[in-house]
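You will see two complexes here that share chain A, one where it goes with chain B and one where it goes with chain C.
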Partner chain A sequence: MECDNRLNVAANLDSLGAIGQFIKDAAECAGLDKRAAYNLRLAVDEIATNIVMHGYEEASLNGNIEVSKEIREDALIITLEDSGVAFDPRTMNMPTEEDLSVPLEDRAIGGLGIYLTVNGVDRFDYERVNNHNRNIFEVKRNTIN
Partner chain B sequence: MAFTSDLKVEDSVAFITLTGELDASVAGQFKSIVEQAASAGPSKLVVYMDKLEFMASAGLRVLIFAKQKMGVGVSIYLIGCQELVKGTLEMSGFHQSVYMQDNYAEA
Partner chain C sequence: MQIDISVENELAVAVISGEIDGKTAPQAQSELLPAMGSCGKIVIEMSGVTYLSSAGLRTLLLLYRQAVAKNGKIALVGLSEEIKDVMSMTGFLKFFAVENTLEDGKRSLN
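Let's look at the complex of A and B:
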């Protein structure tokens, strides 16, 4: 299967579908299993949603999100780069085990997205480079030696 | 695959059928159908999930909203969740608050 290395989309929620498709294709090219591919797609979707809503829309900014992939021998690396408001998702409060056992009627709404992101990939990182946000997702490949 | 949501109320049970991919771009549609369902004052909410292929946290938040809007007494049943969607629900601890079943049979 042929895979694009880059996708550039407008930073709005309607772009989530295209980003999802790019990630599904990248995961297939890298030979990830179904669960790893799904969890990566979910992680990227959550962070892309945050970028659109908090990085651009809340700040009344327009711009783009660039998605890129790199297939290394041992891992698939996905990077999201945007020029929205500087924001490191790793600083968000994540729900604890205790929070996650609270019944839904008493639940707080926040933090689930970043929780699913961090738990869905082998490494999640953030860098601020040249006034751009760069979110990095790494998933190990189970390559047969 | 495009997201669809559909509501039917029968004998005070609200049935919602979800298909496709549920991300933040369409979570508002799911939320408004939950609001419609809540306005019928149902005794139970049954959500058919078997054709739902993807669910982001935006979908989880609508389920929290449903529980808080309809009240503790209205049990939520999620029917036929696909394995990977079920994984997200379990990781988020939702399986402790809703009934996850393969089929819905009138109790």
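Let's look at the complex of A and C:
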């Protein structure tokens, strides 16, 4: 299968589908299994949604999100780069196991997205480069076969 | 995402297909919440749902709260393994009746 290395989309909610498709294709090219592919797509989608809503729309900014992929021998690396409001998702409070056992009636809903991101990949990182946010997702490839 | 809602013997049945993400979850919420009606019960057939993000979990949370407020219950039918995993990991799964077939879903709310 042929895979693009880059996708550039407008930073709005309509672009989430295209980003998701790009990640699904990248995961297939890298030979990830179904579960790893799903969890990676989820991790990237959660951060992309945050970028659109908090990095651009709430700040009344327009701009783009650039998605890129790199397939290394041992890992698939996805990078999201945007020019929205500076934000390091790793600073968000994540729900603890105790928080996640609270009945839904009394549950605080915040933080689920970052929880799914961090738990969905082998490495999640953030860098601030040239006034851009760069979110990095790494998933190990099963290269035994 | 596509939602079809019908009412059978006063029980709301929603069939959803496609992806529930930050873009589509608000639509799911605005269609499903009023469909529950006064009994607070709804069967949601999700075998055609290929993706559910935290935005979709938020929709399920709001539905659940409305159901509890009306002494009702929600049945989710045909969840994919991946969606089940995410719901289990986030402590959502056990608050819903999780069934394999529409018939079982309807029965679980009677």
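Note that the second predicted complex is superposed on the first by the 144 of 145 C-alpha atoms of A that agree within 3 Å, B and C clash if a C-alpha of one lies under 4 Å from a C-alpha of the other, contacts with A are read in each partner's own complex, and residues count from 1 in each chain.
Heads up, the rule we're going with is that a residue touches a chain if its C-beta (ideal position, glycine included) is under 8 Å from a C-beta of that chain, and two chains touch if they have at least 3 such contacts.
Model, not experiment: these values are computed from the prediction.
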* Asked: First (chain B), second (chain C), both or neither: which does A:Asp45 touch?
  -> both
* **Doubly contacted residues of chain A, that is, touched by chain B and again by chain C** => 13-14, 16-17, 20, 34-35, 38-39, 41-42, 45-46, 49, 52-53, 100-105, 107, 109, 112-113, 115-116, 119
* To do: Within their complex, state which residues of chain B touch chain A.
  => 21, 23-25, 54, 56-58, 60-61, 63-65, 67-68, 71-72, 76, 84, 87-88, 91-94, 96-98
* Asked: Hey, which residues of chain A end up touching chain B in the complex?
  -> 13-14, 16-17, 20, 34-35, 38-39, 41-42, 45-46, 49, 52-53, 100-105, 107, 109, 112-113, 115-116, 119
* **Contact set on chain C toward chain A in their complex** => 19, 21-23, 51, 53-55, 57-58, 61, 64-65, 68, 81-82, 85-86, 89-92, 95
* To do: Report the residues of chain A in contact with chain C in the complex, numbered from low to high.
  => 13-14, 16-17, 20, 34-35, 38-39, 41-42, 45-46, 49, 52-53, 100-105, 107, 109, 112-113, 115-116, 119
